[in-house]
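First chain written, first letter: the chains are A, B and C, and each begins at residue 1.
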Amino acid sequence: MIEDDIYRTSSQFRLWSYTETSLQSLRANTNAAAIERVRTALRRAREAQQSTASSAVGTPITSQPGSESEGRGNEEKEIDCLTPEEELVFVRYYCEQLLELGETYKPPLPTLVRATAIQYLRRFYLSNSPMTYNPKQIMACALFVATKTENYYMSLRQFADGIPGNTTTEDVLAPEFLLMQGLRFTFDIRHPFRGLEGGAMELTAIAQGNGQPAPHMVHQTPEDLRQGLMSIAPPPVPSSSITDRIGRAHGTTREMLKSAAQMTDVYFLYTPSQIWLSAFLLADRPLTEFYLDTKLGGPLTSTTASTEDPNNNLQNPLYDLRTKVLAILNDCAALLQSYMPLSSDPAQMKNLKRIAKKLYHCQNPEKVNLAAIQKRGSQLPPSGAASSAAADSGPVTSESESDRLAKKRKLDREQKTRNADPFGPELVPDRTKGH
Amino acid sequence: MSATSGVARRDEDEVCPVCKSSRYLNPNMRFLINPECYHKMCESCVDRIFSSGPSSCPVAGCRKTLRKNKFRQQTFEDIGVEREVDIRRRVMQVLNRREEEFDSKRAYDDFLEQREEIIANLVSGIDVVKTEAKLKRYATDNVQSIRTNQALEVEESQSFQARMTLEQEEARLRRQAAREEYENERREMQAGRNDFLLRLAAGSPADAAAIAREGHKVLLKKSSARRSEEDRIRQKQAALRGTDVKRTASLLNTADTAGTTDTGLVKGLRKIKAPEPEKPYDPFDGMVPEKHDYYTLQDYYPSAYLDKIRKDTRMQAGGYDLREYYSRSLMEAFAGLGVSIAEEVAQRDATSMLGRSKPASTESAAMAAVGNTVASENAT
Amino acid sequence: MAASPFASRSPSLTISSPNTLRLRASTAQNASQTSVARRPQNADQELTEQLNDEVRQKYVKDKRLGEGTYAVVYLGHLKNDPSSSVAIKKIKVNAEYKDGLAMDAIREVKYLQELSHPNIIALHDVFSSKDQNLSLVLEYLPRGDLEMLIKDVNIHYGVADVKAWMGMLARGVWFCHENFVLHRDIKPNNLLIGSDGEVKLADFGLARSFADPNYNMTHQVITRWYRPLELLYGARQYSGAVDVWSMGMVFAELLIRIPFVAGNTDLDQISKICEAFGTPTEENWPGVTQLPNYIPSDRNVPLQGREFFLRQFPIAGPVGAELLMSMCALDPRKRTTALQALRHSWWTTEPKPTKKEDLPRKAGGDKKMGDDLTRRGGELDDSTFKNAARQLDFGAK
């Protein structure tokens, strides 16, 4: 099918589509690598602290954040780190926050911008761990980059002012390069929203008797199509007219695409057309099945289906494709249906708090101050392969004194906020209850 | 092909031989024939008998099976001529060798004579079975050359047509230019004469002859200057076209590799293969525009939300076109519907792994030996 | 590249990739899996940094081709294939621009990652360099651009050559529109020429996707001489027709070898267009007076017809002149689309388009590519400045 080949050329298919297994193993690898690095970094911090303490007593370094470093320093056992599943829950929470953050702007940021930002965040955390880069630091940047790539231009200042709390422009911009690198410089996200509009438009045309048959179903007349649509099984919720029914299914689907489709793995595992049709299936199954039949032919009649007749194929040449597509849509629909917003579920919220507490102990200390790292990166070559030998001594020792002080201040600030609430203050007022 | 009886029958004064209705009663009656047996009948008989599928010819004694789509109007009054023209056309389509394909003029003439003989045989029903078989074998053996020559013929007639229209258009433009030039010249001449008269009226009688001479010279100079300018432009344009002609002319000389193209039927063919006909220029370069598998794009879709855009003149004046939105949203509604990521990505991963271990490039082979390679050596 | 997803294109959408360098990034998951295993060698590098280094180390920079305010362009090659050539465009961080990576770079990367067509410059890879600058690895196009051929008086070309170039341009534009991308900066020096003579649309710094209703777009795009009247009048919703106008202007320029409507200011451009093609009115362009920056014209020139185009562009022939006229319709709704243009009978009327390998060529195109890729979108070349820049010698030949 031509439309399928066109989709195959997209970067979303070429670089960002996975099987369930490959997605899982990728996340496991990322997690394992991050754990190793967190442990090395913590050990290094401990050693550095011990050596400075013994060689230069009385320097300001001794006033290191007390509880945190001591807790780690005294620990002989390896620190307990997040599992891939815990990382996923944690990232998802920030995806939900992103949706809310977009709502705080006046006017609210378009759905497309927010959805793109969420997908950026999800893609970024396939090869990065929250233990290395806290999503709290990345999410604003993801949203800002999305305003640029989705042609919803606003200045950085304007954008930063729109974020509740005292986020600076530097905070927003610091992880930009890192984020883009994690996105492998592919900015185009193929969303299911526009496809839904197309489908709803075509169904409305059919309802009005103006529908055109699909290229492989040329025998159907607009009147056949209209009759077919009129005779489908009643909707889950009674509606006054067929147009009303289409409108209702459209509305339900759109809400699902804004929430469940963004928060689950469907973008990695399915194509946009499959995603909207799966959501449509959940909204109104008879309507969706009718629509698919107009494209791929109907099911076999009971008499021919039961017999092992090789002529079955003659009846509908697209039969195999139809079977395959329906199976895919059902799988995708099940995944969409499994979604429940974290904030509306006390059990999930409790779990989230637990993860946040755990992360507090296993956050990589060398990556906390992104602004400083970014600044350093633009002045000095980062630890690329060419300079990896030089970098063996570790970035902590190669840091300039001012940078180190800046980092310490930042750490102190973080420390304070963490002590107040292990999860940190809410970025935006909680509005998810409406879901 | 035993149509002799059909040929013998003459028009029976505008009466359909099958249903016997006459043109007198039905002045719009049309007669059709079928090249299978050339029996004539009226349009309504054809509709009546053959609409539900192939059937045998209703003329007594003729048992040919006829199909409705083969019926057509007669071109020549004489059914015999009609039939000969059909046969000729069919044979010439197969035996379509061109003069430049033969070794000598003589060989080409022999070929032409042979072709006439075949046509004559088929027309008069001599050795029909044998001749048809020969023709058929030749057709299957020489598919490539037949197709090539057909394409060349089409191309020639098209470019002839194009040249004719171009020349006509140019002639028209030339005529127009000449007319304009004449008009201008006349106007200038008039103006010059007026000027001349004025000066004559103002000046002394002694100057009169000098003024007259001078005025005449200026007018001449002007028109000849214009003429040479136009000649120059015309020459320039001719030169531009000339380069194109040269390029196509050199095409025929590029002979491809030799191959024995002698067939059992046609003798004396040159031992070189005719050059591949240049593929007709495809502006889309192999891509098929506006082709979809899941939907048929319409010019209008109902949507209350879009109605206000349809009425927004400012938006329309800027060129915003809702059809582009329809096209995009329908494309996105179905792009990738039949793609099974689970299958295709798994397969892609498998093949790309295989690809890496191929020794096509040593460095990517090193990449496959995961684990203990030095990072800087890797490049994929 | 066994992993190339382009291998699976159906015949109905065959896109030949004549360049042997189809270097699309290998699939993410494989690369990351393998690099995880090598982790101990450079434990200080993040996974994404490693992936980036892998891409960067595929290429070697050879010489500098050009430098502008916006970017530096290098000639380079694949490390494991010294005979290959690529252009590496390193985008400079703009010190005045405080909002992160500039829109030009974002647009160029975003759209080139998605568009793969013989008449659109291929983006092989993107990587970041040590100083956090972005580098685009682009197809190397050594034969300069159309502007160079138009301006060189020593090069003679005919209508068959123009037809070949226009055909390639129209295909590229059609493919962009088919993928719902507007280029918004079509002009002769953004039409680069590959070693095989293929014309390629380059510089997507002003490109954006289109077709959504109620989205405002900027009207300050497209270099002035190639900008259509609806943009000069400040339209905020427009269509593929804007690129078609630019195509028409390139067509005219190829025929007469000077820019056809070259205004000194935006206002001058408007009056020159009206003088050349006619004055827009509510009759010939309904709604035109409602466009934000519409200015009534003091002179009223009637819309030019077929005769005008035939007289101005006799070389194009009657059919070619008609195609040009359809691209130059003032009312964007009446203008031909890229698709309709490709269906025009001009392509199949005599003379045939020249085969791309027979097209006129000129040496020194690599420098020209360097110049073209370092320019910022929408800028008119100031010829005095440009000539000076050329004398500065971007790496000896």
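Throughout what follows, a residue touches a chain if its C-beta (ideal position, glycine included) is under 8 Å from a C-beta of that chain, and two chains touch if they have at least 3 such contacts.
Computed from a predicted model, the values in this text were never measured in an experiment.
Ranking all chains by how far their C-alpha centres lie from the centre of subunit B, first place goes to A.
If you tally contacting C-beta pairs for each pair of chains, B-C comes out on top.
In terms of Cα centroid distance from the overall Cα mean, chain C ranks first. Subunit A and subunit C have centres, each the mean of its CA atoms, that are 33 Å apart. Annotation: 54 Å between the Cα-based centres of subunit A and subunit B. Touching of two or more other chains is recorded for residues 288, 291, 328, 349, 375-376 of subunit B.
Residue numbers of subunit C whose C-beta contacts span two or more other chains: 5, 8, 12-13, 27, 29, 33, 41-42, 53, 57, 212. Multi-chain contact residues of subunit A (touching two or more other chains): 1-2, 6, 8, 13, 18, 22, 194, 385, 388. Taken together, the subunit C residues at the contact with subunit A in this complex read 5-6, 8-10, 12-13, 24-25, 27-29, 32-33, 36, 39, 41-49, 51-53, 56-57, 93, 98-101, 103, 106, 109-111, 113-114, 116, 126-128, 130-132, 134, 208-209, 212, 215, 217.
For subunit B in complex with subunit A, the touching residues are 288, 291-296, 298, 300-303, 326, 328-342, 345-346, 349, 375-376. Considering their complex, residues 1-3, 5, 8, 12-16, 26-27, 29-31, 33-34, 37-38, 41-42, 50, 53-54, 57-58, 79-81, 118, 158-160, 167, 170-171, 174-175, 178, 180, 210-214, 230, 235-242, 285-288, 290-291, 310, 314-315, 317-318, 331-333, 335, 339, 342-344, 347-354, 358 of subunit C touch subunit B. Within the complex formed with subunit B, the residues of subunit A that make contact are 1-4, 6-8, 13, 17-22, 190, 192, 194-202, 204-205, 208, 210, 212-216, 269-274, 276-277, 295, 321, 324-325, 328, 385-386, 388.
Residues 1-2, 5-6, 8-11, 13-16, 18, 22, 25-26, 29-30, 32-33, 36-37, 40, 126-128, 132, 144-145, 148-149, 151, 153, 155-156, 169, 173, 176-178, 180-182, 184-188, 194, 374, 377-378, 381-385, 388, 391-392, 394-395 of subunit A are the ones that touch subunit C when the two sit in their complex.
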